[in-house]
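Look at the two complexes coming up: subunit A is in both, with subunit B in one and subunit C in the other.
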Partner chain A sequence: MNEKRLRLLVGRVKDGKMSRRAFIARMLALGITAPLANEMLASGGVARAQERFPYKPTKRGGGGALKVLWWQGATLLNPHFAVGTKDQDAARIFYEPLAGWDPDGELFPVLAAEIPSRENGGLAPDGMWVIWKLKRDVAWHDGKPFTADDCVFNWEYARDPATAAVTIANYRDVTVEKLDSHTIKVSFKKPTPFWADAFVGTRGMLIPKHLFEDYKGDKSRDAPTNLKPVGTGPYKFVDFKPGDMVRGEINQNYHEPNRPHFDSIEVKGGGDAVSAARAVLQTGEFDYAWNMQVEDELLQRLEKGGKGRILITPGGAIEHIQLNSTDPWTEVDGERSSVKTKHPILSDPAVRQALGLLVDRKSVQDHIYGRTGIATANFLNNPERFRSKTMKFEFNIDKANQILDAGGWKRGADGIREKEGKKLKLVYQTSINAPRQKNQAVVKQACQRAGIDLELKSVTASVFFSSDVANPDTYTKFYCDIQMYNTTMTEPDPELFMNQFVSWEVATKDNKWQGRNITRWRNEEVDKAYRAAQGELDPVKRAALFVRVNDLVCSDHAVIPIVNRPKAGAVSNKMRLEISGWDNDLATLKDWYREA
Partner chain B sequence: MSRYLTRRLLIAIPSLLGISVVLFTVLALAPGDPFEELATNPNVPPEVRANLRAKFGLDDPIYLRYFHWLLAMVRGDWGFSFASRVDVDTLILQRLPTTLFVIGSSQILALAVALPVGIYAATRPYSVFDQIANTLTFVGFSLPTFFTGLLFILVFSIQLDWLPFVYRADISATGWQWFWEHFKQSIMPIAVLGLFQGASWTRYVRAAVLDVIRLDHVTTARAKGLSEHVVVLKHVVRNALIPVVTLVALQMPAVFGGAIVTEQIFRIPGIGSLLIASILTNDTPVVMAVTFVFACLVIAFNLVADLLYGWLDPRISYR
Partner chain C sequence: MAGSTLASPTASVPIAAVRARPFSPGREAWRRFRRHRLALASVVILALMVLMVVLGPLVWRVPINDIDFTARLSPPSWRHPFGTDDLGQDLLARMLYGGRISLAVGLAAMVVAICVGVLIGAIAGISRGSVDAGLMWLTDLFLSLPPLPVLLLVIYLFRDQLKDVFGPEVGVFILIVVVIGGFRWMPVARLVRAQFFSLREKEFVEAARALGASTSRQVARHILPNALGPVIVAGTIDVAAAIIAESTLSFLGLGFPPDIPTWGRLLYDAKDYLDFAPHWALFPGAAIFLAVLTINFIGDGLRDALDPRKVL
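Showing the complex of A and B:
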């Protein structure tokens, strides 16, 4: 890299087009150490702000209208009923949690005065409670003050099963009490290392007590405020048309200085991802578009329009292949893929290992997903502190052939291997989605050259991902040898994410296939490490335990990770914003601004 | 006449009941449920979904659910959407003006194209004008709206950057500005729908006029020395309009139903996009309401078409 190019990069960081971290990562790749890279930035005139994302506007408002596109429009605005991300995102314009998650998976305060820590007395040494100090002088949009009573109310509201709140899991097992008008204490039943679930992030948004008090439990649907939110957020509610449009205007009394920058916000819903990308990247009609599920090749072409760029945000979502450890073709006690059985072919480690070598992750990244799918050997990829450094992936047909030969799988007359009369034939299912079908074809081709016959099966997404107990083609039933899909990580802590491999979560007929362990793969060591992690209060040791779970899972090929799928959004070139992979796209809306 | 009307209205009741039974059963048998997204979210315990299903009566047997729906419908209660928990009638009324405006204008555009072009082409069959009109109408109705819609967007929005392609129902501007912006964003969807419809109607008008223009009474009228203008408008067009009226009348319910594909492409918040979104999320009350109202309108406009015949051609009588 010559000097000119280097200066260009420093300039990009200065303009905010490239993140500090991305710059340092680039330098590290060149063999330049992080401190040196930082110094380079400092001498290049990039101040090292305390804030991770510099906010330049010096007054509130004056930024005009902010227009964003969500190709799935929000259908409701009460965060406790938010069915999908689209609803949470829209609610986040008006409602705020105590704290949010930044791109590194760290907490930043929103309605909290500070993030609880052991040093400031906010966290119990034994992990049994957490004390949140609330920000003072925060007002709801109708002028009423925000206090500890509101927090306690949200807990009561959400934990009541009659309310049927989707946030119930955050509040069900905790007790919330008010210590004074601006302090609350959240107590747990057992030591809880991941204490930041209640009141935090996507499911932690707070609704005002004085407007919802009379609509708890059974009456929750009747609250007029369900459709006319009154929150603490940077924008006040103007108008809502379910599935089409959410509009807000500036909150002149917002609790942070000089924010927000825009005078109004408009979230338009409907349509499809491709035309949403066009509206930002090509015509510049909109400032931001959410969830660009579009092939990268097309996105790159649209970016040439010069009006906008694609913003890639790392997250934990992983497109992976699952190998069934039970027999999907034999019925035991009224269910196939029963844990009482063993897969006739896939229980052979040689076959699993060979399959791991036959998935050409690099080609899948290069030719199918591009920037929106990063080839990986790990199931647990982010936040970085949980990423295993030891796992490697390899695409090697010869090696796979050798392993199968050594395992006693001999090629038959038709080129398909067999052993003890069992043909090496597997059914490989996934949902109908163009990139997935291409991915299936890539794997099938490689397997053919190793003497494995894959029969491809694709199921309509609405059936595949449904929880319909009567349907045999759902992913949780897994009545198939191998299957592939994307699983998302909803919070920066892997506890919930990694329970997909513990023995007590196995999906069976008894739990109506609602168990999270779909491969039905069981391993005592994983169970032990996972249990230890659940009670481990030392974050470093806890991370090590989860890395261990990941390594055990991946080295035994319970699953074959393919690509880590980051969030992709389309942003106009003039917009300055940061998105976190662990929170809603609009979590940092207060800091969004447009350069003149 | 009134006996005929009563009879027709009475016949409509069993047909509507039949339609509603079929619709409801098909919807109930389709896979998936409105809270599917909750099932794939590990943060939401399965009980929440079970609870919601029970609360909204989704676990009852199909026939019970149907009778609940029917009873409520008779009482004028349309139920509420599972997705947004808003009353269905509010949802529909919110979107109706947009649909009426866009689809209505496109139908008017279609008529404005089809009538003059069809009549003029038929009065001069196989002339240059007729040939060109024929070719264009063939092209027009062979191209599906999703294709012309995208083509228009690529040419007028992306290449030329003249028109916006995201439709906004509530434009914040006022006065002339409001009018101008509404006009700009409506041109493309109205043109796409109107020209498609107009192309097929032109064919019908031309054929109908051509049938009538050869009849003896037209020759007589000409022989009397009536001006061409009077002959065509009074003696030809009025007689030729009967089949066209049926077509147009039967098309009217679509003004309510919206245009699913075109609304999706241009992000028009109309009934069509409401219907498709509700189908995708298995939002039964909304789907039922929209399709049922649509069915009612189809039946009503059939009747209207029949009544119009009598006015256009007094020889037709009702018994």
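Showing the complex of A and C:
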């Protein structure tokens, strides 16, 4: 079925000549999954049936206390300074964005009255601007009304480099103006297919102008409200101990009817993932625990206690192995892994291909990650419309041996292969985390059988993932042959996610290793496809371009994807809630409730 | 404490009786050591453990990293006498291999700590004045350093150089032994110094001095042997601490590579599975327990045997 016929069908649904269901059935028959078919309809301007999570409580409050566990505790409560998800989550209790992302990767309005679309005149046909209509009658916790002035202030606050906000990238390249008291217009410098960045999702939470006005710029860190938030969210601030505990009480004037359900909320920080899982699943002391980075085997045993369950939410995070395309052992101009060098061993395609065959993804899924890691051949896995159908993975030691033999790598006396005097020895690093060390052991054993000697190295997570310029063991410096970690996708659009493979994002000493391309792998075709996707307004064509980037990256083995890791949270059996893989865990907090 | 015992409780024994049975000091010590039943049993058990970790891998030829997902977390059986871990790796093979490292690290770190401690303590104890004060300042300085951050610093500074020279395993071994030993000598040094202060005023030392013994002879022949009792006990405790410290470092990613199964690391990996695969934690736990206990008893026995003023 070609593009033209597809568009014809979408048009028929739009005109009402064909039912949604019939369209989706036809697409399914063609091997296109339901979410993709839905997406095609949405991009064709067909409204989507509302099938949100059913919220049962019929009055506000009365649900008692909600106790949740974040085993990394929040350290501050200003969303513009929130570095990690832990800080964003805590801020999300009190602050809200204009819109959030639901589990299907669709926008849902929070402080916006509606989601902008071409039909309601909110989106420019040329992708140059977007108009947001704000909800009326929303009040900050101190009673002041929420207006367009607050939105404009957030833009001014975040884009000021002196404020040093983490969200500066979301606001730097746009212009925000107030059209009336409850309408704003966001304009872009160039056609922007992905317009839902500023004011949306994890980095789009809004702070009140009247309390932060005096603390813009270099005084930003002195604002007392950085630690005592006043927002529009379902709970009002009560108490905060950094790294330990956040407490809130019900907001009786919340802008949605019958919400929230609970009278108070307590977020406890500290401990580790396993003890958090026990507190929800085994002892039942807590209602919800975030980020279950635990072997599935353990989780299943804990679930047998009958007090709770593990809630799996699909997302785009990918646990993958990166192959260094530069030489990590030679120093050039004061940095190792310099783009001026080539890796002596990994630049040989035979070695990269063999390594790809030596990662037993199926066993890693079956025996280590279970439900919390799905074996995959793709770097870009979700939302489904961006997932390549052509990539396959295989675990085959014999084939790897043949490829290495054919590539001229001969086994030496000690069983380790060598070529032109270079031994096939590689150092393989990752952060310290039990599932990762097991994954390392599995890969090492397979490599041993193929005559590759891997030296394993593990670095404590707070060092490995830090941006400390002085430390040689950080993942961005990549002073190692191969490394493995999980990279997350924070929004359902892959533009930011896939810039990890473009040549202008290479991490170097000059950009203090802030560049996103850590493998230092460069490819002209990828650069071209990526640039084309950036300006492509047709979502179907844009998806195809990102799929092409993924295929180029994976077939050249710049990275070896292992498992796609969905979000996993531990939930008490009485709790009813929905988590989005594209937003913070607490983005849907207003809809959480407990069944009696 | 040697310092608080009377100088010569054996003085009343008739000299003729001693002459009748001339024992060499070594045989005398062995005779006295044998009287300590627990110490004797401990020697046998520790010797067995050492034999097992040294010769075991030659007999039990299962590779330590052979992954077999069909046999995950299986309890002890004939195929896997100690059971398997959650990757189906044979625990007996891993225990035997890890025991070599853990015991070697423990003993070597103890030797380092004792040597440095005795040396510094002895110099400080025998030389009064500024040398003593300076050395004790040094000891206080080391005691007040927070060990973990300093360890991190030392390891980051020297790990790669040592690895280049000695290879990854030996390099890390040397580093860990030096680092653990280098942070445990202070209590030993203080003990030795305190002993020296008391012993150097005793009659027998004064007698030796009066006879013209040089300072080094006084220290080596008269004071040090009498001061060793508490040092040996402190040293045996250090072995246990060193085994545990090694596993802490491995856990922080600063010790041996993560695929090398030391006892501490096995125990750490097993902790989350304690309720349904207890064998995984029990065997390394028991091994550490036995090693530490036997070394403590042996230290006890040695102190009794080597204390010349104790009647047995």
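The rule is simple: the second predicted complex is superposed on the first by the 546 of 596 C-alpha atoms of A that agree within 3 Å, B and C clash if a C-alpha of one lies under 4 Å from a C-alpha of the other, contacts with A are read in each partner's own complex, and residues count from 1 in each chain.
The working rule: contacts are C-beta pairs under 8 Å (C-beta built on N, C-alpha and C of every residue); 3 or more make two chains touch, one makes a residue touch a chain.
None of these values were measured; they are calculated from a predicted model.
> Could you classify subunit B and subunit C on subunit A, in the superposed arrangement, as clash or fit?
With subunit A as the common anchor, subunit B and subunit C both fit in the superposed model.
> Contact-wise, after the overlay, does A:271 reach subunit B, subunit C, both or neither (first, second, both, neither)?
The first partner, subunit B, only.
> Identify the partner contact of A:323: answer first if only subunit B is touched, second if only subunit C is, both if each is, neither if none is.
It touches nothing on subunit B or subunit C.
> Under the stated touch criterion, which partner chain does A:457 make contact with: subunit B (first), subunit C (second), both, or neither?
Touch partner of A:457: subunit C, not subunit B.
> In the superposed arrangement, which partner chain does A:75 touch: subunit B (first), subunit C (second), both, or neither?
Only subunit B is touched by A:75; subunit C is not.
> Just checking: does A:90 make contact with subunit B only, subunit C only, both, or neither of them? Give me first, second, both or neither.
A:90: touches no partner chain.
> Regarding the shared-chain residue A:310, is it in contact with subunit B (first), subunit C (second), both, or neither?
Neither partner.
> Going by the touch definition up top, name the partner, subunit B or subunit C, that contacts more of subunit A.
With both complexes superposed on chain A, more residues of subunit A are touched by B.
> So if I take every C-alpha atom in subunit B and every one in subunit C after superposing, what is the smallest distance between them in Å?
Distance of closest C-alpha approach: 6 Å.
> Using the superposition described at the top, list the residues of subunit A that contact subunit B and also contact subunit C.
Common interface on subunit A, subunit B vs subunit C: 471.
> Report the residues of subunit A in contact with subunit B in the complex, numbered from low to high.
65, 69, 73, 75-76, 81, 83-84, 161, 164-166, 168-170, 172, 203, 221, 226-227, 239, 241-245, 247, 264, 266, 268-272, 275, 278-279, 282-283, 285-286, 462-463, 465-468, 471, 490-491, 496-497, 499, 512, 514, 516
> Provide the residue numbers of subunit A that touch subunit C in the complex, in ascending order.
274, 294-295, 297-298, 301, 363, 366-367, 432, 434, 437-438, 440-442, 444-445, 448, 455-460, 471-473
> Going by the contact rule at the top, pick out the subunit B residues touching subunit A in the complex.
31-33, 35-49, 51-52, 55, 80-81, 83-86, 91, 94-95, 153, 157-158, 161, 164-166, 168-170, 172, 264-265, 267, 269, 273-274, 277, 280-281
> Within their complex, state which residues of subunit C touch subunit A.
Contacts found on subunit C: 65-67, 69, 72-73, 86-87, 89, 156, 168, 251-254, 257-259, 269, 272-273, 275-276.
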